[in-house]
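Order of writing sets the chain letters: A, B, C, D and E. Residues in each chain are counted from 1.
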Amino acid sequence: MTLKQVVNNVAEMPASKKAVVDIKKLSLTFQTADGPVYALSDVDLTIEEGDFVSFIGPSGCGKTTLLRVIADLEQATGGEISINGVTPHEAREKRAYGYVFQAPALLPWRSIERNVTLPLEIMEISKEERVKRAQEALKLVELNGFEKKFPWQLSGGMQQRASIARALSFDADLLLMDEPFGALDEIVRDHLNEQLLKLWARTNKTVAFVTHSIPEAVYLSSKIVVMSPRPGRIIDVIETDFPKDRTLDIRETPEFLEIAHRVREGLRAGHSNDE
Amino acid sequence: MTLKQVVNNVAEMPASKKAVVDIKKLSLTFQTADGPVYALSDVDLTIEEGDFVSFIGPSGCGKTTLLRVIADLEQATGGEISINGVTPHEAREKRAYGYVFQAPALLPWRSIERNVTLPLEIMEISKEERVKRAQEALKLVELNGFEKKFPWQLSGGMQQRASIARALSFDADLLLMDEPFGALDEIVRDHLNEQLLKLWARTNKTVAFVTHSIPEAVYLSSKIVVMSPRPGRIIDVIETDFPKDRTLDIRETPEFLEIAHRVREGLRAGHSNDE
Amino acid sequence: MTWTKLDKFCLVAAIAALLALIFPLAGVDGDTGKQVAFVGDIPGLAVAMALCVIAGSAFTWLGVGSVTAGMVILAIAVFGCWQAISVLYDYGVAGYAGPGFWLFILSLWAFVWRGIDVIANFHSLDRTKQHLANFVVPVAFGVWLLFVWEVVVSGFGVPQVLLPPPSMIGERFVNSTDILAADFHQTFVKAVLSGYVMGCGSAFIVAIAVDRVPFLKRGLLPLGNMVSALPIIGVAPIMVMWFGFDWQSKAAVIVIMTFFPMLVNTVTGLNAAGKLEKDLMATYASGYWSTLFRLRLPAAMPFVFNALKINSTLALIGAIVAEFFGTPIVGMGFRISTEVGRMNIDMVWAEIALAALAGTAFYGAVAYIERKATSWHPSFRVRRH
Amino acid sequence: MTSNTAAMTGSVRGPSTWTRMMSGQTGPVCVVLIALLVLWYVGAVFMNAPTQIDRYNRADQSWTTGQLIEDTLAQDRPILPAPHQVAVEMYHSIFAIKITSKRSLVYHSWVTLSSTLLGFGIGTLLGVLLAVGIVHVMTLEKSLMPWVISSQTIPILAIAPMIIVVLGAIGIKGLVPKAVISTYLCFFPVTISMVKGLRSPQVIQLDLMRTYNASKWQTFWQLRLPSAMPYLFASLKVAIAISLVGAIVGELPTGAQAGLGARLLAGSYYGQTIQIWSALLTAAFVAAILVVIVGWCERRVLARMGVKS
Amino acid sequence: ADEVTLQLKWVTQAQFAGYYVALDKGFYEEADLDVTINPGGPDVAPPQVIAGGGADVIIDWMPSALASREKGVPLVNIAQPFAKSGMMLTCLKETGIESPDDFPGRTLGVWFFGNEYPFLSWMSKLGIPTDGGENGVTVLKQGFNVDPLIQKQADCVSTMTYNEYWQVIDAGIPADDLKVFKYEDQGVATLEDGLYVLEDNLSDPAFVDKMSRFVAASMKGWNWAKENPEDAAMIVLDNDMTGAQTEKHQVRMMTEIAKLLGDSAVLDEAAYQRTVDSLLSGGSDPVITKEPEGAWTHAVTDKM
């Protein structure tokens, strides 16, 4: 065991775990011109420090909305939520998390590099440090060589990767990622999965991760949250106990396949509810 | 055999096949402020009538660019291309194709229904017909009930589905689809895959389809084009011979797995080239 | 070949030139009772008209496909214009121009338009060539406008106290450079520049204050509308009363005039950033100023530049108008109002030309900076439609 | 729980009238207005004091500060009239007089307003048409645009008389020549903004229309025009204000017979500062009302377009 | 009835009472004329209006009319109801200006727009440069009113006996505190408010006839106005569309105007020659460069 792994194991000890996200009976209704849209209803969920939680559920079920509530971008209309023991608003002011949006949301007037350094600038990190970190993050998502390009000169997947690099560039303890790898091919995706896992194992970050890929969810997570269609409800929470330093091989294990099956069943059940 | 299948079989007869897209030695270079970007190089490809061609390749390899050249949204800098025997420009003027962009590209000031009827309005189709077709298309992508919502009131996946409905609403013989199902969950994706296959089997449309999912590519296609990283080159073209009325079951056949393997190998080879 | 493929402009040119040969060139002199001139007596003009007919019909069939063809057409047009001018002044047609003459001008117009059209649609990867083409087009168009002005004024014999011909204005301009320079210095350098900077600057600051403090936004914005809609004619005398006769009062007028466009545009622009981008900044708990500088101001730039451009023209007008209400005896507005009274209309137009030159250059400078600063905006990227 | 809430709402009674006013528009406007008034009074005292002291000296009169302040606020031809003087004058010329009378500011406002609106209407139309031409026809963009800009650098007051004379010579008199000057001034902001706005659609949206082979006209209606709406309204607010200025400028070379501009000038000839200020404020009010109306239209249109408020 | 359009030099005020009276009292109608009076203003140049066909006859000051004639608008004086000039330079006594010798170094307000010629020829006669130098005067282009004097932005301003002078008085500066220089007294008076038409038209006898009826009716109006200054002022007020004039001011103006009117409308050749001489002597930048020819005619007044 390397030193790093020891540290990780310490972090994994149950006694030391504290709730990073604590959600109780959360519900959210959008008022629209033609009546209310019930996006979330009665959501109970605890995300503990060091957890890697994947959210999976049918399109339009409220995954993004839930992440946005956690990030204080949307106000719940009912229930309670706390982040690290404080309100989402306070947590946001403390820059408690990094967020990868479902769309890239790059600023058109900044080059890729300057898009990535944007949060660092805001957090007033020195110039050299900024450039260094941007380099690292861009390298991680395999975008080195594109620093000076502008967003519209990049392909869809490359833009998505740039936005991942931006979220990784500053070292938040909580990562909220909304389908970050949706627009990537399998190889790059596998590569980034691995990188993300490594990062997670190394740093004991807490990750909330929306995905549509069942294998990805199972492979990455310590906890999988399956959601039902509108109004979004949690219909299953599956804990996995693969080690943090898992590799792609686990995808062939029966345990993996079994969990994947359970997730698929949950999803399917949700869908049939709908019809 | 039903009548429909007979008709399909007739269409499948080799003698009757004609080239819908014919590309010879195509290349495309973007001029940017810091030097040229070689997006496509030496692409040779023929898409025949009734073909379902999937493009798969690493992020940023030029898939979108290739589709855009076919759609006359980008001008090749070398080589030749013809669509139904005419230039892409003339083909576009004849409204020869429907295009699903990688991003939803919905008009924010139009409701979902009116976004879907937009092409129909432009093609001057009567009001009732428009509404009828929009209803059908929205139903197909499971968005009925959201006609009156505005794009920002929809989730990412729902927006993507709305844009698919828009492309399907007018009945073009050639469909160009750029990762249409990227933002969808597995269940909806399977459903839409089936619907698309049905549509294809029924109407003898020609489809050019960009995807990142190897199973999806194998499942849907009659021809899979594997591309290498920049400058985008075709490194493998795999013909499949599943029947047009295939079902999800084929995914368990050894043939399927073999093709999937070959695609994966191709992709991997491309990626290692890169490094 | 169907008729839709014919080059319609060249067709018009050919037909008009043909008719020009048939219709009388000039009217009848009131004193002598004779027709002033005939095409037949003026070989240059006859050649020019014939050329127009021939080239017009040729290009009607061939089409004007290349830049070279466009150049040929323009060359013919230039020759024609030269002949037209010479007919007016050397053959005494000025004041007596008849239908034949005007048809010839129409023919030239069709040629010029077609020629400019070709060059305007010229695309080249060679930057210098492209720049040259982009420069030639407005200049050619402008020269053509001046030609039409000259010809119309002379042809119809418009009294020069109403509208002098450009040739006369040009002559006056060249002969009065010292006066013009002094006026320019007084009005543009002293009043316009300082007023523009103060007006736009203060409006920009107020816009940010208004944006920052919602109380001000609700309280000041409705009143801000009023202040800047104050009619210049009312404001100018008051400013002269308050700030004296010299340039300070003109600058004050400009401040008031330019304030509102800048305020409205900046406030609108500050709200132009997309929702997603604002959310992004929120996730960084980016403070007000940080969001302002990194997101909202860049997103507002297209609007801000809009105002800067509009104001660049307003400022000049403001200064000149304000000089009608009291000034030392130098300045563009002073000169204009004085020379009108003296019936030196050519001097008035020389000043107007100076104003137009200065204003256009000013505007051009702002537009250039805009292009550099907001090259990311879609309006600078899409060029193909 | 239920009774608890009821008790709470009972005791709190929602926000007070004061806070409601302050969070609306009326409150802040009033506060700012009061601040302005105070400033104005102070300004009036200081600006009028020198002439007043002069007058005392000339009459060999001794004076106290109190008397000075009182007198500076009651001068006949002050440098800066006091607000109440202007208010009295405005009351007399707006309310205390038949609106058909030549001395009624309502009458003069109407004269100016009619040419303002006519000019604004034509100007907006012209501005939009020019922008459409410039955006769609490359030749127009390259050849016309620079000259449109130059046209605006021509001092309007210098050519206004010529416009009036020429139009008069061909028999056009009355409202139209003044409206022409409004048009001349107000089409420009509309053109500039609309050119920008019509070019503001996202590249991908334009590509979408291209895939439909939409005609220029269709792309215009379905995409360009809706995208340009925010730009259009920002410019309309500027244009209507400028149009009013134009209408007033246009009253000069027509012999300034009636209208707010005529009032301003007449005030100016006779050094009647109070009259100038009341005409000036009236013009400002008219402009403000016009801008408010445009803003109201903007909100209506944008709401119909589903823009999130 | 024959149509006549008259373009005034300035806004509707008692300065033009005669014409308004003639219109109001039906004198024009009696002469079988249908007269339209267009008021002027600071942005209206009557010569330009007549050249553009906007008027048949205009009122202008002779210096400006002669200058226009040189510039190609062939104006001809057909009648001269005003015999004397009302222009003067009004100074504050407290500035210490006693005589023209005190001018150097001072700031003077002058009307431009073609009205500066009498001032310029006066200065050139005095030998005082107007370029703002040490020994010269600093000239300001004065607006429409006397504010610069009241606010001490200028030491002297131009005034008319019938108008601006009284505004200074009204502003609370008593006549004793003022020092006025009448152009008439300084020997640089030029003819004001004459009637001018385009030369070409005079070859048409019908036009001459029409004008003679017009001038006759106008003079009838002037005589009536001279006798009934109060009523004349009221008629002017009725015709003022801006509603800005006051009765007191107009009555006073009418009284002063009456002092400037001559006995007949016939142009006095001596006065004409005096005006021309003073203009020709206009220093470095003379108003007119050569003796005008045919700039006046008695044809119209003779036919009356």
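The definition used in the following text is that a contact is a pair of C-beta atoms (placed from the backbone, for glycine too) under 8 Å apart; a residue touches a chain by one contact, two chains touch by 3 or more.
None of the values given here were measured: they were computed from a predicted structure.
Q: If each hop has to land on a touching chain, what is the smallest number of hops from chain A to chain E?
A: 2
Q: Touching both chain A and chain D, which chains are there?
A: Common contact partners of chain A and chain D, which must touch each of the two, are B, C.
Q: What is the chain whose Cα centroid lies farthest from the Cα centroid of chain A?
A: In terms of C-alpha centroids, the chain at the greatest distance from chain A is E.
Q: For this structure, I'd like the pair of chains sharing the most C-beta contacts.
A: C-D
Q: Looking at C-alpha means, what's the farthest chain from chain B?
A: With centres defined by C-alpha atoms, farthest from chain B sits E.
Q: Where the CA atoms of chain C average out and where those of chain D average out, how many Å apart are those spots?
A: 25
Q: Would you mind pulling out the distance in Å between where the CA atoms of chain C average out and where those of chain E do?
A: Centres of chain C and chain E (C-alpha means) sit 39 Å apart.
Q: Roughly how many whole angstrom separate the Cα centroids of chain B and chain D?
A: 54
Q: How many Å are there between the centre of chain D and the centre of chain E, using C-alpha atoms for each centre?
A: Centres of chain D and chain E (C-alpha means) sit 37 Å apart.
Q: Taking each residue of chain B in turn, which ones touch at least two of the other chains?
A: As it turns out, chain B has residues touching two or more other chains at 103, 152.
Q: What are the residues of chain C that contact at least two other chains?
A: 162, 237, 241, 275, 324-325, 337, 340, 377, 381, in rising order.
Q: Name the residues of chain E that each touch 2 or more other chains.
A: Answer for chain E, listing residues that touch two or more other chains: 42-43, 45, 48, 52, 143-144, 147, 151.
Q: Judged by the touch rule stated earlier, which pairs of chains are there in contact?
A: Pairwise, the chains that meet the contact rule are A-B, A-C, B-D, C-D, C-E, D-E.
Q: Quick one: which bits of chain D touch chain E in the complex? Just the residue numbers, please.
A: So the residues of chain D touching chain E come out as 51, 55, 58, 76-77, 79, 101-104, 108, 157, 160-162, 165-166, 168-169, 252-253, 255-258, 262-263, 265-272, 275.
Q: Which positions of chain C touch chain D when the two form their complex?
A: It is residues 113, 116-117, 120-121, 134, 137-138, 140-142, 145, 162-163, 215-216, 218-220, 222-223, 225-235, 237-238, 241-242, 260-261, 264-265, 268, 272, 275, 302-303, 306, 309-310, 313-314, 316-317, 320-321, 324-325, 332-333, 336-337, 340, 348, 351-352, 355-356, 358-360, 362-364, 377-379, 381-382, 385 of chain C that touch chain D.
Q: Under the touch definition given earlier, write down the residues of chain D that touch chain C in their complex.
A: 22, 24-25, 27-33, 36, 47, 79-80, 138-139, 141-147, 149-159, 161-162, 165-166, 188-189, 192-193, 195-196, 199-203, 206, 210, 216, 219, 230-231, 234-235, 237-238, 241-242, 244-245, 248-249, 252, 260-261, 264-265, 268, 273, 276-277, 279-280, 283-285, 287-288, 290-292, 308
Q: In the complex of these two chains, what residues of chain E are touching chain C?
A: Result: residues 42-43, 45, 47-48, 51-52, 64, 67-68, 71-73, 112-116, 130, 132, 138-144, 147-148, 151, 153 of chain E touch chain C.
Q: Can you name the residues of chain C that touch chain E in the complex?
A: Those in contact with chain E are residues 159-162, 237, 240-241, 244-245, 323-329, 334, 337-338, 340-345.
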